[in-house]
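Chain nomenclature is as follows: A, B, C and D, assigned in order of appearance, with residue numbering initiated at 1 for each chain independently.
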């Protein structure tokens, strides 16, 4: 019998721990962001929001989860059964996998990959295909329209997003998220969002990133694919029970990943704004602040029109992202 | 076009001896009340269209004792608030009247509604399917002999 | 166009919008023939909530039909009752005491504000913005509380009677109304900042859903839809009834013909309605609220008459034919939404679906009013 | 170019203003009423279902069975009957039932009553699993129970 190397066992334990940890982290976040999604608008709208299940409605997500699990997963006549059932998984798995390379603090990171940034963007493109398949396989005209919309929307928003990323990588000289964060240590004036020495358009770049993240996660005001006053529930119209639940989890997982990435790339990750006590807590504070922003934006504005969204991307975001890219390269050459 | 000009023009459409009266707006809500034959309804609509009137409603009244159905077309002129009621009486047994939906497309629905309720056939109407009643309805509820 | 392009162009599909759909506000069904996201043809299918109100008007006495009037346009119920009682009064030759006329105008204009507030919220829901609905409902609740305190109901008021109103208003109502007007005045800048100025709202409404004035004339469109198309037609001014000639107010008119114009007309109308209410409260005379000698069983003389009121949605007309008995011989109810919806097919052609739904929302439809 | 930038700036500013307004509301007290725990005060004229008024001295209903309410009801949902006891000057109701399933709460019956014998109930928490409970609401007993 061959002795198993101790390193391998340690590695296996580490992997299992991280997998469990991430799953729990994403699931808890999805659950409680969904509660926040109902509580925050209730404050904005002069009402109480969920408050019956548990104190302050804290057990509401649990009740929702039980309800979703208890419901039958219906597959309607004419649907492509295999794709219909595959789609929720295709949406939720990449979202969770993206968390692998995210450095939550100096030490907490599952895999510090040199091309981490690239990996996240490649994974985030998969959920678009999943949503499209879900809409397409539903055999419902509303879902079909939504499936077509989601592709057009995501193609439009990948471009400014990646342009911003290219300029960011030019500034940081690395794809490694851990190193990107460490490049921003020592106070908020070192954060990429405020690094005006690299390019005066850096704050604009952060805003472009935020807008693109909203569009990528299909959040209001860019929630074309589930525009309920137009398309009922868009791509998710025919899903019931946990099929819908997975899309729901994926939406919040995407928000968490997107906000984490925003924190890492632009807001200095786990570093304190004043150079004190770096650690996980700063990361979480910044990330949840961004999550709050996402929810706040959603409940403030009407939905954009589809061509308005494309106009915004092609006429405003892409020119600005390109200008930012050019400026960055000039500054890089000069300084 | 003043009201009196309109009156003379409408009078040329009305049948000899038919009623054309200037009514008191405060008491009746209409300024001009004219009865024309079924064939002249379209001509009246054309006349009022050129005078820039708008069609407010088309409705029927079932005069069962006289075995007639009266159709009332209410036209209004926006600028002055003048209202002209054009009436036409047709046989109750086989009610048919030409459509004015080519002149006033808004009449399309009003005529369909009138067909639903009174069974009046508007000849030349593009789509006479029931509007408010179920699509298989064969009854006409506003006829006086329809049991409530 | 090549043959290939033609065949591609013909590839349309039918989308069944409703009867249960978030954007149709009730049981309205629209058969959309879509070319991709473009609407090729929109055929509204109505009648799901049809109750044959006109027949009910014929087989019950005049007074017994009063509760029914509140159940057509339930969002602005007082206007329907107003039109109906005015038509009967015109036919029966009843004069209404001044105080009752003033109370009618005050309550009707309050109802108009409530209806427009509801519309603003619901329109924003159509556009995907949720929060304004709750704010407008907050204000609308104040009106409903006021109206409930004098009529006893929040929606189906049944307040006007032939010859007056059934209950007098009290000091509490008057002070409450003044307080509400002050409150809504202070809220208007907030609505304008939150909604009117909002770039997303502007982009979604400006130039969307044009309804030319000529289309309105051909279809009989009326109300804010018409005034948003640049025609200054308001029954209150052009064919005055009640005490409106004594009051000083403007008719907001916008020339743009688009959703923004219709939105702005309604926002301005709320301000004008507040002016009307304030003036009416100032001028409110003392006296009875019911005409004397109105028989319990009303038998108007033979004849027919027409009466129009300016409802929150447009022209609400009543054509009444009496044969001298205690029941109407024929009661035609001309609903504004019916005509306003009939022009949707013409105007939505070639629009994007989301824009067509914005247009549909801007028409301010109440489906039971269409179906009657 | 200038217009392009101006639109971006005014547009972004309008979005910021909108978000600020929404955030400001977050610090206000909720205006909703938590129904089972709280309830709003009903106005004096609240139109609930009708109930009979009782003479506080004798405990008998004030109703004299004049049938005015029954005649005034548009939905025919009031049924009442009464007898004239020996030696009494007026009738007393022996049965007064309301079909609440068809009642539209219009209040015409209360208005028609010349003897101040009918009033609106303030009860709105009415629920039952059986239709018949509200098809024949016996207001004679209901009113007495409510009094107790």
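One rule holds in what follows: a contact is a pair of C-beta atoms (placed from the backbone, for glycine too) under 8 Å apart; a residue touches a chain by one contact, two chains touch by 3 or more.
What you see is a predicted model, and the numbers here were worked out from it, not measured in a lab.
Steps from subunit A to subunit B, taking the shortest chain of touch contacts, total 2. Compared with subunit C, the chain whose C-alpha mean position is the greatest distance off is A. Centre-to-centre spacing of subunit B and subunit D amounts to 42 Å, using the average Cα coordinate of each chain. As a whole-number value, the distance joining the C-alpha centres of subunit A and subunit D reads 50 Å. Between the CA-based centres of subunit B and subunit C the separation comes to 25 Å, rounded to the whole angstrom. In subunit A, the residues that touch at least two other chains are 44-47, 299-301. With touch defined as above, subunit B holds no residue shared between interfaces to two or more other chains.
The set of subunit C residues that touch two or more partner chains comprises 131, 135, 138, 198, 200. Listed by chain label, the pairs that touch are A-C, A-D, B-C, C-D.
Subunit D contributes residues 7, 10-12, 14-15, 17-18, 21-22, 25, 31, 43-47, 72-74, 104-108, 111-112, 120 to its touches with subunit C in the complex. Residues 60, 63-68, 71, 131, 135, 138, 141, 145, 148-153, 156, 158, 166-167, 190, 193-194, 197-200, 296 of subunit C are the ones touching subunit D in the complex.
Note for the complex: subunit C touches subunit B at residues 46-47, 50, 52, 54-55, 58-59, 87, 90, 93, 216-221, 231, 233, 235, 238-239, 303-308, 315, 317, 319, 321, 329-330, 332, 334, 338-339, 342-343, 346, 371-372.
Those residues of subunit D lying in contact with subunit A across their complex are 8, 15, 18-19, 22-23, 25-26, 28-32, 34.
Listing the residues of subunit B that touch subunit C in their complex gives 25-30, 52, 54-57, 59, 61-62, 72, 74, 76, 78-81, 83, 85, 104-106, 108-109, 117, 130-134, 141-142, 146, 148.
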